[in-house]
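Structure provided below as structure tokens; questions to follow.
We just call them A, B, C and D in the order they show up, numbering each chain from 1.
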Amino acid sequence: MCSTREVAHPLLPYPATVTKIIDETPDVKTFQVVFDDPAILENFGNKPGQCAMLSILGVGEAMISITSSPTRKGMLEFSIKKIGRLTSVIHELDVGDKLAIRGPYGNHFPFDMMKGKNCLFIAGGIGLAPLRSLIDYVLDNRDDYGRVDIIYGARSYADLCFKYDIFDRWPKVKDTNVYVTIDREEEGWDGHVGFVPSYLEELNPPSEDTIPVTCGPPIMIKFVLQGLDKMGYKDEDIITTLEMNMRCGIGKCGRCNIGEKYICVDGPVFNLAQIKQLPPEF
Amino acid sequence: MSVSEKSVLNQKAESSAWKPKIIGFCCNWCSYAGADLAGISRFKQPPYLRIIRVPCSGRVNPVYVLRAFQKGADGVLVAGCHPGDCHYATGNYFTRRRFLIFKRLLEYVGFEPGRFQARWISGAEGQKFADNTKKVVDDIKTLGPNKRMRLDSIPQIKY
Amino acid sequence: MANKSLKKVQLKSLLDKIAGSGQLIAPIQSDGITLFKPVQSGEGVVLDYQNAVIPPKDFFFPQSEKMFSYDTSDPTWAIKPEEGVPERVLFGARPCDVKSILLLDKVFDAEFRDDIYIDKRNKTTIIAVSCNDCRHTCFCGAFGISPGEAEGADLLFTDLGGRYLVEVLTDKGSTLAAECSDLLSDDDGNGPAAKEKAVAPAKEKQMNIDLEGVKAKLDNMFEHPIWAEESLRCLGCGTCTFICPTCHCFDIVDFNNQSSIGYRYRCADSCQFANFTRAAGGHQPRPSKMERIRQRFMHKLRYFVDRYGDFGCVGCGRCLEKCPVNLDIAQIINKVKEVG
Amino acid sequence: MKKVIENLRETAARLLQNKEAEVVIGWGLGSEAVRTQPVFITSPDNVDKLVWNPFCVNGLTKYLSDLKTRPGKIAVVVKGCDSRGIYRLTQDNIIPRDKVVVIGIPCAGQMSYTKLASKMDVSGQLNDVEDKGEDLLIKTSKGDFTVKKSEVLLDKCLTCEHHNPVVADHVVGDTINTCPTPDNYEEIKKFEAMSTEEKARFWLSQFERCIRCYACRNICPGCTCRECIFDAIKPDWVGKEINVSENELFHLTRAFHLAGRCVDCGECDRVCPMDIPIRLLNKKLLKDCKELFNMEPPGSTEEGGSVLGQYRLEDPEEFM
């Protein structure tokens, strides 16, 4: 029995305050939060790709991936798409309002294993949110990693998240390329038009010594994985994330159970080889 | 939790500070107007009836009534137009059937008669509205606070 | 500690004594059904029952329980965990129920130890009672459980006719036995042999289910048509999961009475309900009854083994008896074995 | 009984053969001697799975709403009480009448599994059942057992209004001519006569037991809402917490949603794992609807609908 993660009351959330809100797209906002007790943030110890349980007391709880890299100290960022009851309430929050957080939960991206290798990040829509924590981690430890390619797409220009990152910040980092695409032609858009999987095949980035990491809507992931397969990547090297309805986050409540795995503790990050071992039920 | 050996129904007002909390679902076109008239006519009536305006008494879902009891109402009143006067022509005929049955069901499972009441009050019947409020409040006062279904007084036994 | 003996006529005094010094939970009968309830004395405790409708799991993992309270009008939100339970004694758990608690331990006492469960577990002394008889739906033998053994319990009582053989299995049990030493005497040494005889009928009468090879078969049966076939008659109700001694899935919900003060509770949830896996936004990984019953049987007989090294079923027979459409896990096991 | 089974299998085989139905829903042998389980037959080769005996307690009409999107017609075997469920579903526009082929079996009464289990060894497999008038001889792999019918009959069968199905495209078995025994609601009257305090104590102790498995709802041919209010997330009509208050809200609402629609098949009562007398609520509503609005037993005729979805100008007036 592994007891590395001991918490006195694992289901108890801690109050935190919203310090900044960024409107990303019409239905996505990024919330910067700090815990009311600074010690909690200090010991939070989140790693890229991990999630936390966000709650509004009286409304409910949901598992949200942490968007900020642990290298960015002093706050946590969550990019949240307005989709259900809880996220609608979270979207109503103002700076200074409170929510409650517990975590961090789940495993993380294999940033150690990726050291010294080239990184290929492929994301669609809100799927860039969990990847952003890893991208920032890699770029903040730039010398540990090889070339970085980021392929990102959304339905339209308005639906692109983190415009300040994909257009301004990331392309300026050395040896880093950001390729952005939108699904349909749009006035004022002179970039690439088309779906992410086809853009990936078009770009066909060199696959030697490269770890591809992908996250996005299920249909995008499906075709990206097919594309990567064609390009000759090994299943063990292809990293993606799974998503399920979750309640407890600590491997007890059974909702995110797929086969012998619990996505909340054994996931959400899996490589393709692991996913192929799971019953196809996600 | 277990149903205690004490009375499972009301407890007679333990302190004199208790004020009845009565929810009145009033139809917009008649009973609410009646309440309005009772107000501007300065008819004296006890202040314990809290009115929720609904478009038609037929809009009142019996779950609203049960929910009101859960959330601490001591009594519930549904009031609408007299049969035949419905703004939507027939809404209150359905109300009539629905709550005839519902009232009997509540009493069958052990709600005191009087906890739930229904009345027809037209927009012109300000006096009737005031009289009726008095009557309902008196009834509920006699019955005492409602304990049945209240979510905040469910006996909690730790086990 | 050596085996003890309790005269049958003294049992009530023993239970009275336990109830007098703390909380006692025991099976009682009301409206014709047997349920475990907290009792004030040994009065009315039934002993010839075979299986309570709701397993004693309810006292470790209640169907619904408060986790913490809060007050959002307080600047710190005043999030307070619920107080723990008092020290208590659970009397009358059957060997299968005791085993089910050990299985729940594997879930709740794993990584991220569940403090709410562990508190209840630590503060409970379990007195198990061997089965002299069994229901026609029992098949605990299939999971290696014996009607006369209860590893995980603190004391084990076995009805030997005029007396109970009292086996002390743990230190906790030894403490309780010491507290009640005035009522217990030393066993004359014939107890264990007599016990074998006493539980023999329960061993013989129960269904003979053999699990040999079932797990291996299930490993390759995810896509098998048996699930679609069996799911046709499933109603999608939660009976089987709510009366199951090993089911541990739950939901977490907030309650507030339209004020700043409220609490968060967890309550048993069922993988048989559509809402169980439906995500906000409508994504539904298990859209029909087929996927849902497959999850139930696979979880018990395959996934649980893979994850925790043991079957997630104890053969108590509750779901066999209560399923409205006779969707019988023992029958499923037999059908799986017949699959070529 | 053997003749009925033969007849039933023949009918089913013919329907499947001639493509008059794509699937036949009936009863097959269960995992225990006195249990049957619903079976779904799609090939004439498998009709031997169909059985008919006094243990065919399950109402099968609810499955029609599960299978309504399936192409082709669905044949379903019904007893008298279940047959009212057919009209419930057609009146509620859940399934068109011409999509359903009704195979009716006149039924003299069904035996309760719980009652039987307390009287005999019900494990083992059923070999044969013989009707000996007052008694029933049940031959199982564990031996032969004789039980008194009156002692093991389902309670609902004591007051049966429809021994013969109210609707059937094919009838297998002989019409039963015993006089129907309409319920005169004696039991309900007994409860009505109790004091308010007694009623409350009784019902609260019943509701308190509920584990909210929703079996009563899921078996009910009247519960066919696309999204049940007890499953709706927004708004949360009923709290998920299991306590006597939320349980009561559930039970009263469930019963009331069936007021004037409940076909009184008694299945909710049978399936309840906690033995809550759910039917006492339904019966009360049936009695009131009958007394106040002169309602026919719901589901007994093709026309009709929900009593609470209709009105008459001269309905009783109490609210003044």
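What we mean here is this: contacts are C-beta pairs under 8 Å (C-beta built on N, C-alpha and C of every residue); 3 or more make two chains touch, one makes a residue touch a chain.
The model shown is predicted, which means the values in this text are computed figures rather than measured ones.
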{"item": "Chain whose mean Cα position lies farthest from chain D", "value": "A"}
{"item": "B-C or A-C, whichever has more C-beta pairs in contact", "value": "A-C"}
{"item": "Chain B and chain C: spacing of chain centres that average the CA atoms, whole Å", "value": "44"}
{"item": "Whole-Å gap separating chain A and chain D, where each centre is the average of the chain's CA atoms", "value": "51"}
{"item": "Separation of chain A from chain C, taking each centre as the mean of its C-alpha atoms, in whole Å", "value": "39"}
{"item": "Separation of mean Cα positions, chain D and chain C [Å, integer]", "value": "31"}
{"item": "Per-residue multi-chain contacts in chain C, two or more chains", "value": "251, 253, 255, 269"}
{"item": "Residues of chain D engaged with two or more neighbouring chains", "value": "205, 233, 239, 243"}
{"item": "Shared interface positions of chain B, touching two or more other chains", "value": "2, 151"}
{"item": "Contacting residues of chain D [partner chain B, same complex]", "value": "191-192, 196-205, 208, 229, 237, 239, 243-246, 248-249, 252-253, 255-256, 259-260, 281, 284-285, 288-289, 292-293, 307-313, 315-320"}
{"item": "Touching residues on chain D, where the partner in the complex is chain C", "value": "30-32, 35-40, 58, 62-63, 66, 117, 121-123, 205-206, 209, 211-215, 217-219, 231, 233, 239-243, 267, 270-271, 273-275"}
{"item": "Interfacial residue positions of chain B with respect to chain D in the complex", "value": "1-3, 7-9, 62-63, 66-67, 70, 83-84, 90, 93-94, 96-113, 118-120, 148-151, 154"}
{"item": "Chain A-touching residues of chain C, taken from the complex the two chains share", "value": "67-68, 70, 72, 76-77, 79, 81, 107-116, 222, 248-254, 256, 262, 264, 266, 269, 271, 276-281, 283, 285-286, 291, 295, 298-299, 303, 306-307"}
{"item": "Complex contact set, residues of chain A against chain C", "value": "1-15, 36, 55, 57-62, 83-87, 98, 100, 218, 243-245, 247-248, 250-255, 257-260, 265, 279-282"}
